[in-house]
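One chain, chain A, links the two complexes that follow: it is found with chain B in the first and with chain C in the second.
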Partner chain A sequence: MGQKSLAEQAQILLRSRLCNPTFIFTLFSDSPDSNHSKLKFIISSSVTEACNNSVLLLGPRGCGKIAVLELVLDDLLKEYHDLITVIKLNGLLHSDDNCALKEIARQLCVEHQLMFSKMASFDDNSQFMVAMLRECGLAHKTVIFVLDEFDLFAQGKQRLLYSLLDAMQSVTSQAVVVGVSCRLDADQLLEKRVRSRFSHRKLLFLPPSREDLQRLLEHILLLPTDSSLPHDYVADFNAKLLNILAGEKFKEIIETLSNSDLTFNHMLRFLFSAVCYMDLESGFMSLDNFKAALSTIQRQPKLECLKDCSILELYILVCMKRLEVKEPDTYNFNSVMKEYKSIHDSFQTSDYYARNVCLRAFEHLLQCELISVVDNRGLSQSIEFRPVRLLISCHELNQGLKSHRSCPVILQKLVDREG
Partner chain B sequence: MGEEESPQITRRTTRASSSNPNLNSAAETVLHNCNSQPLTHNDLVYGDEPISFDDLICSFPGRRIQILELLQLLGPLNSPVIPLFIYGGACRGKTSTVLQIFRHLNRPFVYSSCLTCYSPRILFESILNQLLLHRKHEGNGYSSAKRCERPSEFVNLLREALGNIINSLKGNMGKSNSKKLVGQAKGQIIYLIFDNLELVRDWEKSSNILPFLFMLYDIMKMPEVGLIFISNTSPDTYYFNTGYTEPVPLYFPEYTEDDLRQILMRNQCNPKLYSSFLDVLLRPFSRITRRVDELSTAFPALFKKYCEPLSDLGIFPNEKMKRMLFSHLQPHIAPSLNEIFRVEAGHNKDKAKGKGNARKAEGVSEASDEVEFHMSTSAKYLLISAFLASRNPATLDASLFDSTGGSDNRKRKRK
Partner chain C sequence: MVYYKNVEYDGGEFSVGDDVYVKRREDASSDEEDPEVEECRVCLKTGKAVMIECDDCLGGFHLKWSKPPLKEVPEGDWICDYCEAKKLRKNVEVPQPPVGKQRPRTAREKLLSSDLWAAHIESIWKEVDGDYLFRGRWYIIPEETAPGRQPHNLRRELYQTNDFADIEVTYALFCCLFDNLLIGPKKFVVENGTHQMECLIRHCYVMNPKEFAKESNGDDVYLCEYEYDIHWHTFKRIAEIDNCEGDDEEADSDEHWSSCKDSDSETEDTEHEERRRNLVAGQFPTHQLAAVWPFPLFDYVVNSLVAEHVRCHKQTELEKAKATLLLATLPKFLPCRNKEMEEITAFIKGAICDDQCLGRCLYIHGVPGIGKTMSVLAVMRSLRSEVDAGGINRYCFVEINSLKLASPENIYRVIYEALSGHRVSWKKALHLLNERFSNRNKTDREDNRPFLYNILDWPTKPHSRLIVIWIANTMDLPEKLLPRISSRMGIQRLCFGPYNYQQLQKIISSCLKGIDAFEKQAIEFASRKVAAISGDARRALEICRHAAELTDYHNKNSNPNSAPAGRDTSTTSVFHVAIRKDNGQITLELEGWTYLLDNHQVISEDPPDTVQDIINKSNMYGAAAV
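So, the complex of A and B:
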């Protein structure tokens, strides 16, 4: 049992590391030309020189933009404790101007221990924000606005962006606006008047290179020697792990993974699954954990769905495939039933069922999204008359039929004949 | 932070209640006494006796792999977890497996289904009510603890509520050594379960709400919360332009025939007899559908027919008897395959009004074929008109029944 609780402790440690983005990105923060140092330089210089600034952090999702920003802000808060106020907004939540100003006012109140009233109107909140910015500027405090999902703020009239960037133009205010977006053309979305007030600084965040990835794997997975776990267990664990990481098969797994998606998030998801599959009895990670994690990442949902279809549902799919070849325009459930009947007449299959049974099977297929209706007219027509189409390709259907447990031979022949 | 009163629902007074002012207060005091025990954070667990691992595996035949995988993903006590996405077709035991796993683990969770919470506001308020340990009763007018419509309010209120709950769970740890652990929630991590997620795609604000739910974990940045999504459709049917951080998927495949047999055999009084019945019937029926709910409604009537020639339902059938029973049942199999989805409503198959006249002529013996519930004439008219209205387009209704003939006649007047 002692071994098991050690393994559990190790697993909890690794899992908390994987769920904590700050831990992961501290690795890349020390080199001088990394985004971390550049960002830190931009913000700290505007704090010390009491000037306004704006910067955009761009990069695909899961490349650590917010994580690096959090690290920089933590460092700056430690250095210049009283000189910085941070306001965080998110485009998913606060894209509406009313919401955004309310949130800004709320966060300013929390920061400065003021009473916040939820009944304040839009004008009250905006006057409050302008007044606070002026006061902070006079007191030489910098307000840092973090706008997550920046492209969602750039929809509509961009009033919030304009008022923020405009307030920064006055001499008394000291503000930094940091926009974070996964769209690489986020600055093209800005209106002319907003763009002119925006300093065109952009920091690009990219997925890691192979060497960085290797360093990252070791950084995350190797247990620290100064933790509360016993020394020899840690040494064993690390030795076994380094052995696995250096092996050929592991490199192949990483290669397969990077071929589809190189971002940090993808890697972390893979590592999380691998750590979860760690065998708690032995207490060490093995290559099988990584292989199992790879198979959870590489899923083929349509194929799984096809394998779980009943035989009648497979018949309906094959009928639809044949109809798509014959009349590519549109077809509905009635035409599928005609095709079904013609197959039964020509081949005398044993699986000929009544219309209401086929309709239910048809509805099952709609539910698991192997087929879908084409029009958006809603519920005005009954399901038998609405045009439908297949959502899987011929190749996928073929694969599904081949890997199905008990597919009738006739269906395979029918599909092969067409394809 | 300003204090906000919980939203009061205005209620109309009926004549009875306004004439008897004492009636309401008496009912209130009675109810208040019944529900007067306040909820604690220990009520956030499943509630019944926790079950052992073997019971868990036995109660879900064919789901051993999924249960083990889910237990591995949830991890030991107090381990953080990234969002999980459990998917599979309908009626495969996803919700019940997840809930029973939480019963086994005895960890606190908050369950909300997007089927009963059919709008964002109801969803947010349901989650907050459970976290704030708020019970809706007559005293507070069945209102929620906090009014919450927008995702921005939800995030702030959720953070607050979670902070309180986690603090009280941490307080639990200090006391756990002295008291017995049966009634207590284990661990310091609370799990939010969102069921029936595929219905959110049809909501009006789905382009905002669905990315918000998937990004909730990143927005909250609290390692003491775990999110579990349960959906009938696979993760690739949730597609957004701007992408989202994908949760870890877990697939619940359809039951195999052996699993179906095990499930259908449960709670049968004569397992041997039912097993021979299933030998005959399961394979042809599973060519049509393998869903448990559809098979289990189709089989009882057939089982009755199967047992007709038997005088004693408790006997153990030998080969000869099995063949005899099979030949008795066989002519009924083919037509019943075509009726597989029909659900019998008592003896009556035909509820049309026209038939009633013919029946009356046939005498009193047909009285048992009457509708089992009584509908008033106006209800029948409403039913027919609702059917017609759902089939006709709105413009036809307007042109038939609207006083202006549906269109704006003023514009048509020639000058």
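So, the complex of A and C:
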């Protein structure tokens, strides 16, 4: 009983760590080469030295751009507290210049205990923003504009970016514009007059490298020695875990994982499910946990769908596979039936079903979205006459047939011959 | 406690909602009596003759003393001879009262020299012991606010505060003791406590701007437009300005918006310059100040942290360089544009001095960041000083940035507001401007015409006296416009070429004069690179700043304990990194990368495989995005 609760405690600890981006990215905050310290330097120098900057944080989704930014802002807010005003905009919500300016004015009003007038026009709001920037600059307060989904702000005439950056150039202000985008060419989207005013600081966020990943895994999964958990349990747990992490098998798992996607988000999701699979009886993580997690994270719904198909449905799929080669995009249910008949005739298979049964199976496949109609024209036609196509690849079909529990040998042979 | 609507006390009647003077200091009452009527500044007598008030010093004058003598009070502002003389830096002798006799001061003068207070009565009641008390809301004079008197404050301006005090109507003995605590701005020792004060003296009248404008006589009349927050040191406008009118107009202007979109997208800044011969100083748009959004003024007490950084921290050369390279702190004028500026000056001067200026338009074009707007503004500044010196005629200068307009039609509104100070809807403004520039009444469908046409049409009218200077990025904008518009645009054009590397080098070195942070080759390298790409001065300065920043970052991280020894120079190597980052060709093309890598001889900050990695990832990402 005692052991079990220990395991539960450990599991809760690990899960809470995995859900806390602050914990994860503090690992990288110390080294001078990390984005964290660079970003912090840029923003804090703007706070203390009264200068303007504009930074772009670029990188694929799930690489911790926002998480690092939040971490930096938290630190700075702790340090300077009332010297910083953070204005957050999202390109998905405020890509329209008018409403973005209104939102800026609103947030500025909230920050400085002012009355916000909803009636204010675009001119008023932009005047207000410029006036506020000047006032904040004079009072040595820094305004940080965080523009999430920055590429969406770069649509149209970019009046918002222009007026923001122009104000930063022309009046004594202390402002930082932080653009966050997953388009690596976000700054190329800017108009030339906006680009000329942009100060071109760029931080690139990349998926973790091998070494970083190793450090990250240890950082997350090793239990802390100074916690409430008993010392020998922690020592055992950590020893076993290190053993697993060093093993070849585990490296293979990581390899397969990184083949598809090696961003922080993906990695954390994988680790989370691995932690959830942890055996509460023994209280330790095992390699099987990671394997199970890998298979859950790499689910392939089509193959699973194939697993549940009846034999007739498999026949239909194989027929369609053959037809795909002969007459792509033009065959329909009738031609599939012809093909089915010819297979039956040439190989004298035992499973031959009536046409209406086949139609039912065909409709079921349509429902499963393993196959689909080619176009939406001719809605009035009945389903037998509409051209269809396969939605699964040859490779998937092959795999599905192999893993199917009662697939006829003839089908596999047919597919193999084709492949 | 019994509450009253109004109370009669000491011969005066005070009711809730009134504004009253409250006596402030014991020694201030050395003036024996409070004269209701002010003395004339010239003859030092009151008398029955009509007196006029100077709008500058607020002194009273008999009509007969003004030069030439006035028969009746004139319309508009009147400035006394003394103030007039002071403005012209002449020495004048103001009549002094005889020695020993202090000139009696009116309550208004005492209030404005903070010897009296004014308060708004919120409620009056009678305590159980029979004392009358009222709750007053203080007014504050601009001098007592945290930022002090601002240039836009009027002489008779007061601020309403959010500070209340309970004041005894009757005279209280310990007022002196309390008064000693009153130093500087009205800071109250006890919040919301009962302050027993001296008696209130008499009524004054505090009004909002509209009422104030109507009210012309009476000495105890004040203007109060803003509320002052004594804790936050912020100002809030009491009455909101009515902005919704403009919004409605914008809503139904959508069709025009779309119809002239093309032409608008090309124009970056449009500058209007308009001259008026008979411009009198009094006609300058004074309303502009009032139309500014009610923004807060922060406490200008320099923050401890910033103060510490600025005062105690001895800036290194690099930090100085960073500060001077900031685009916002750049001098208003940079070298290397003398030829263009001469041309602009010649153009404007020619237009102003020439009596017949018909169709005067100048089209200035060039890529961003090469000092187009800056040169025009510099020319206007130098002309302004010439105007002040009396060399050329007066004119009125309006600057419009079309990217900051909500819709093209707003341009009429902005022009009209800048010229007259009134805010009207754009249709009205267009009508008024048409009347003004072309001396005719509204003709057919003028508000349906594209705004470019209208604006370019005005200079062609006789007596319009309008000059238009266009600033744009595109070289061939006139060719893209409708023929009727481009024919009105004239052929006078001025091309700003991109800076070449010597010019950029000169600009950077002129900014960094006296700061020994950059090696000479470094500056040359940066300017050559930028000149090769765009010739954009902003870019060049930004790159230098970035390089300084990188070096600074490097220094601070490598030896955090020991102060950077001696002179730290942004070496050329850092420049390579900076330029590479700045150009930031993290694009999908591999070619661009290798080109940059070859070209900039990048120090192997990123090992090559990382670069390859970036390209792979970006390719992957690009594929995913597709």
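Just so we're on the same page, the second predicted complex is superposed on the first by the 298 of 419 C-alpha atoms of A that agree within 3 Å, B and C clash if a C-alpha of one lies under 4 Å from a C-alpha of the other, contacts with A are read in each partner's own complex, and residues count from 1 in each chain.
Heads up, the rule we're going with is that a residue touches a chain if its C-beta (ideal position, glycine included) is under 8 Å from a C-beta of that chain, and two chains touch if they have at least 3 such contacts.
Just so it is clear, the structure is predicted and the values come from calculations on it, not from any experiment.
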Touching partner for A:S335 - first (chain B), second (chain C), both, neither: neither
Partner chain(s) touched by A:S117 [first = chain B, second = chain C, both, neither]: both
Contacts of A:K38 with chain B and chain C, given as first, second, both or neither: second
First (chain B), second (chain C), both or neither touched by A:R183: both
Partner chain(s) touched by A:Q399 [first = chain B, second = chain C, both, neither]: neither
Which of chain B and chain C A:L206 touches, first, second, both or neither: second
Touched partner set for A:N356, first chain B, second chain C, both or neither: first
Partner chain(s) touched by A:N238 [first = chain B, second = chain C, both, neither]: neither
Chain C-contacting residues of chain A that also contact chain B: 115, 117, 119, 182-183
Chain A-touching residues of chain C, taken from the complex the two chains share: 232, 234, 236, 240, 243-244, 246-247, 250, 265, 268, 292-293, 295-300, 302-303, 305-306, 309, 319, 322-323, 326-329, 367-369, 401, 403-406, 410, 473, 534, 536, 538-539, 542-543, 545-546, 549, 552-553, 556-558, 581-582, 584, 586-588, 613-614, 617-618, 620-621, 624-625
Of chain B, residues touching chain A in the complex: 1-2, 4, 72-73, 75-76, 78-82, 87, 89-90, 150-152, 155-156, 208, 211-212, 215, 218-219, 223, 232-237, 242-246, 248-251, 253-254, 256, 286-291, 294, 337-342, 390, 393
Chain A to chain C touching residues, read off their complex: 32, 37-38, 41-42, 45, 48-52, 58, 60, 80, 83, 98, 112-115, 117, 119-124, 126-128, 131-132, 135-136, 138-141, 157, 159, 162-163, 166, 168-173, 182-185, 187-188, 192-193, 195-197, 199-202, 204, 206-207
Of all residues in chain A, those that touch chain B in their complex: 8, 11-12, 15-16, 18-20, 61-62, 66, 90, 92-94, 99, 102-103, 106, 115-119, 149, 151-152, 182-183, 265, 268-269, 272-273, 276-277, 280, 296, 299, 301-302, 304-305, 307-308, 310-312, 351, 353-354, 356-357, 360-361, 364, 367-369, 379-380, 405
